[in-house]
Amino acid sequence: MKIRIVCPIVGDWRVNESVEEANQFKAPDTDIDGVGLDKGPTSIESIYDGILATPYILDRVIEAERDGCDGVFVTCFGDPAVDGAREKVSIPVFGGFRPAALMASAICGRWSVVTILKEVVPLIRDLARKLGIENNIASVRDIDMPVLELDDKAKMQSRLVEQIEKAVMEDSAEAIVLGCTGMLGLGRTLKEVLAKQGKQVPIVEPTAAAIGFLESMIRSGISHSKLTYPFPREKERVF
Amino acid sequence: MKIRIVCPIVGDWRVNESVEEANQFKAPDTDIDGVGLDKGPTSIESIYDGILATPYILDRVIEAERDGCDGVFVTCFGDPAVDGAREKVSIPVFGGFRPAALMASAICGRWSVVTILKEVVPLIRDLARKLGIENNIASVRDIDMPVLELDDKAKMQSRLVEQIEKAVMEDSAEAIVLGCTGMLGLGRTLKEVLAKQGKQVPIVEPTAAAIGFLESMIRSGISHSKLTYPFPREKERVF
Amino acid sequence: MKIRIVCPIVGDWRVNESVEEANQFKAPDTDIDGVGLDKGPTSIESIYDGILATPYILDRVIEAERDGCDGVFVTCFGDPAVDGAREKVSIPVFGGFRPAALMASAICGRWSVVTILKEVVPLIRDLARKLGIENNIASVRDIDMPVLELDDKAKMQSRLVEQIEKAVMEDSAEAIVLGCTGMLGLGRTLKEVLAKQGKQVPIVEPTAAAIGFLESMIRSGISHSKLTYPFPREKERVF
Amino acid sequence: MKIRIVCPIVGDWRVNESVEEANQFKAPDTDIDGVGLDKGPTSIESIYDGILATPYILDRVIEAERDGCDGVFVTCFGDPAVDGAREKVSIPVFGGFRPAALMASAICGRWSVVTILKEVVPLIRDLARKLGIENNIASVRDIDMPVLELDDKAKMQSRLVEQIEKAVMEDSAEAIVLGCTGMLGLGRTLKEVLAKQGKQVPIVEPTAAAIGFLESMIRSGISHSKLTYPFPREKERVF
Amino acid sequence: MKIRIVCPIVGDWRVNESVEEANQFKAPDTDIDGVGLDKGPTSIESIYDGILATPYILDRVIEAERDGCDGVFVTCFGDPAVDGAREKVSIPVFGGFRPAALMASAICGRWSVVTILKEVVPLIRDLARKLGIENNIASVRDIDMPVLELDDKAKMQSRLVEQIEKAVMEDSAEAIVLGCTGMLGLGRTLKEVLAKQGKQVPIVEPTAAAIGFLESMIRSGISHSKLTYPFPREKERVF
Amino acid sequence: MKIRIVCPIVGDWRVNESVEEANQFKAPDTDIDGVGLDKGPTSIESIYDGILATPYILDRVIEAERDGCDGVFVTCFGDPAVDGAREKVSIPVFGGFRPAALMASAICGRWSVVTILKEVVPLIRDLARKLGIENNIASVRDIDMPVLELDDKAKMQSRLVEQIEKAVMEDSAEAIVLGCTGMLGLGRTLKEVLAKQGKQVPIVEPTAAAIGFLESMIRSGISHSKLTYPFPREKERVF
């Protein structure tokens, strides 16, 4: 089984990190490779950024199917280009939101998202409404750090711990979804830090969940519905 | 007051028709002009088409604000590029769905959409969920005609009458939203045809509703919330 | 176009203020006049007050249609008599809640109402449920001032600023609806005060929204659905 | 325990029938009497009719409390005047909708209403939304008979059987609520007729449910919340 | 009329207390007796406890029908075994949740539950979802006391007052449901204590509500729907 | 990785079939074994059957954890004993409903369940409500065949095709969930049969989905939340 990660930004460094992360969660017979974009934003923190990246993501997904990949993970929590890509290909395509939100709904009653910035909260609420699981969300919190600062892992971690505790204590969250696919390599560490403080709450990592959904769908021989995402009609398109 | 219509497809003919249609519903002090796209699809009937058009729509909306327009109507029922455009500009921006859906909710309990093709129904349901008014929808029906066949006005009209009657009789719709901004010049005719058959049901036309929302917001001095649609951060974007 | 404002209380002073307020938001070809009630309460702050006013509001709406008005605005946020009046006439009729709630839903994800008194909050929640947009509400707050004290504009303004800030900071409201049509002449001032403090949040004023909905519907030739609000049957009614 | 039935129409005959009906469902220590209106409509089949009756219903409810009654049943499925009356008195007040809808929700998953006329369906849907149980409703059907024709019991019964069967077979209703308090003396008969045809579905009669709720609340010493329905403030009201 | 209380734990003392409590709320022609379990947990504070008690509760309910009882109240707020028991018998069966939740929905807009322990909150939320009234819940709070400590009535009462006040002031609850059937003999006392502090909020006691629902249904001749809870098919079951 | 299938009925034959089925969907490093019950029903087609099986399922799940299994699949679509088992163990436990419902929600907008018998439909609707995804369900249909007749594979298949077509054509389902874990070995066949008729709709098989969820969770190191499913308190339990 061959899964392609599409890192929807320019710059190669994130591609490698994403593939490494994904490799920790994959089955032994799964091969994962990754590609980035030549053009597009350096991070996605708005609908606008997602729009800029979309045509290039689309190309990468179509290319992945042509390359014989069995599934594609567009590694961004905002699911940019995902629904359009599903129209163009037959192989399963996921961004970060859907798998994480559904996995969280599988293991508890109400869960919180902890994301990067207050300004992406409305976008995440919209995704939750579209998926039909809005009532399962206890809260959407943020750590007030843009993507390009997430390299400061110590700061990211301490802020995540702080917001996770608030989500559990103040919002009655029963599980946590990490709301940015750039929050890499953190699930286990967070678990340990929280455990030391006597707290136990599942941390759903979008990369892990996405790889799991893809593997499961590929083994089951199913993909997204072509009744929901039909192939676009033939017509003149001028470029 | 100056409103710009962005016709999100290539080809000039639709621009003129759209402006003419809009002029029938405008206030006397409103000036409406229109622009089309140089590149993009010739019609929008899928998420993919919307994606292809999006970067060019975005340019047109930004240009409209620079030209001193007070508001923009992206004349497509699927609201392509609308949320991203709202991030980039301060003037109000609407597609066809939001105003029509809210106007219909203002005048009845449950209403139906009659759109062009079965394949766009999931997309319309998603827009309804995002807007939070899904429970006000009695049904989403289609006339099984692609956009580029809507020139056959007689056929379009007879199919619309047929589906409107079904929506009222079988789905208990109390009002109808025309689910494509290409269904031009039809509100009054449909009303008369239905009235002759002893039926009275309000027909909400997206163009009329959009012009109304824009005029009302411009006169009130409000626009979309910058807490929902903040300006995208400065960052490197490679093109 | 001729719009009649029905001020659903006794006392003439509010009629003039309401018409003046409405005139600030109207199109050039719209004529707005106003009438008050001869009998009824001096303010509406309960379902009971609304009930007392209802028969007299009804008379005023029927009279407006007879006088050739094209639409009616019953200037109270609680929408008293509106649904019954819609049964009796063909011209569009709005109170303050529906247009403001729908306008707010058009420009953001989740919004808050700031109203006069804690005791009207359940009534407002009921209106939101009926309209099907309850999930778009972040909170309903109050300034703890009865209608007849709203003359103290300085106090009203400072309390509004306080509650608006709480709605934005604590409840994540992305827009604000002023929850009383007696909160007159405030939209611009509030905007400036908030802007000085570096805060930007759209303030939806019910009068502005109602005039906008009426103008839009009248120009489009539509009104409320007679399938939702049919003419009452002929029958004996004893008075 | 003393319960007063307020029959919200003019004409005495319905008062007696309603009291008789209620007496079949009451506890031995409950005394039930009834009053009608001197002024008002002869039947309630619209929001308008409810509005006309409302001031007179209000008087009757206030009078009931003054007379030492422990609870009031306003015998109409549309709950006219009920919320306003709850503000004015401390004793429990119910119309027909709330108790029947909640009783039905207690005994099955999804239930249907069978009411008199298509034109009251939107009104019933609004009541369901306000009560927060809209999703428990499988359908709202009607027998196409106005209140004043319900004297033709044979016709009413056969049409009820027909619609109940459709509700069960086509809409998957698991229980039926009779959607008019004028459908008197029918629960047992309908049950037998349906049983003969091998069908078993609970029939919730609004009068039985309302008496049950009142008795239960009176014995428990609780009433509607004064936080939801506070006493109206003292103020000038001109009549 | 004969109602059987099934106390779903081992130990007789609770049976007597429960019957005494119930007797305070019953009609004069209602006879209430009670039975406990020979085997099972000594209290129910988890899904697991409910599961352990379930087969024995089931036996008791079947026995009650055989003994000629007209209805059964399984006196636990978690409704253990109730849906399964409804399949096996024809007489009405209630636990504590459904009647209390529906009674609270009858008297206010939004209400809070105050229960024993944080760990049963998810279970109560699930019951609310199943019943379709989740949106009527303002909050679910707890007093942090296990069932077997509820004998300390002074402590229980002071903690209840504290949480009820928070529910009203912070969560805008308009009524309170006591979320454990072991909170016996408290409704009136709580009311007095709260009244002394100038607070008035209805306290819904599950035992009172359950007896009321049973009496009402028995007098009306209705029970739970056999379309929702059909008799289990004949088949081999090995024990 | 070691997954244990608990077949919640008596009789060994189903155990083997279930393990065989599961083996078709597993990763290469997953070992799956299975156990049945010594006591319990021979099939589960009611809440009552689920209750009878529950204590024995619980034992099997606890045993599985003791045996070092990494996860458990209780192979029944009604999720019997699952929530209670989650309280008792730390390893992930799934029945058939949750994984299938979430997988279907991942690949389309609205999906239908096709189950065995009309009488289990209310039970499935309850599970959907609890999971918070009720609005994603287009319909719940049945093939009118009890579990013990599913051996007639030809009949089962032709009835499934018939109901799947109705779900797609009449209810606008965009994907299908097989609503019984006894519908074994059918996904591919159904797909082919439907494809021959020019129809393409994803068929979600609960066994495939459950194995996928378990593998994904085990690899990610997460399990159900102990805030939702805490370990039951120590207390006296008499047996």
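Should a chain be cited, it is by its letter among A, B, C, D, E and F, assigned in written order, with residues numbered from 1 in that chain.
We take it that a contact is a pair of C-beta atoms (placed from the backbone, for glycine too) under 8 Å apart; a residue touches a chain by one contact, two chains touch by 3 or more.
Predicted model only: the values in this text are computed from it and were never measured.
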item: Neighbouring chains common to chain A and chain B, by label; value: C, F
item: Co-neighbours of chain C and chain B - touch as defined; value: A, D
item: Rotational angle, Cα trace of chain E fitted to chain F, multiple of 5°; value: 180
item: Chain centre separation in whole Å, for chain F relative to chain C (CA means); value: 51
item: Inter-chain centre distance, chain A versus chain F - centres from mean C-alpha coordinates, in Å; value: 26
item: Chain centre separation (chain A, chain C; CA means) in Å; value: 43
item: Set of chain E residues in contact with two or more other chains; value: 108-109, 122, 126, 132, 135, 174, 227-228
item: Set of all touching chain pairs, with the criterion as stated earlier; value: A-B, A-C, A-E, A-F, B-C, B-D, B-F, C-D, C-E, D-E, D-F, E-F
item: Residues of chain D that touch chain C when the two form their complex; value: 10, 38-43, 45-52, 54-55, 58, 81, 83-84, 87-88, 119, 122, 126, 129-130, 132, 146, 148, 227-230, 232-233, 235-239
item: Footprint of chain C on chain E - complex, ascending; value: 108-110, 135, 172, 174
item: Chain F - residues contacting chain D, complex; value: 121-122, 125-126, 134
item: Sites on chain A touched by chain F in the complex; value: 25-29, 92, 94, 98-99, 102-103, 105-109, 131-133, 135-136, 168, 173-175, 187-188, 191, 200-205, 208-209, 211-213, 215-217, 219-228
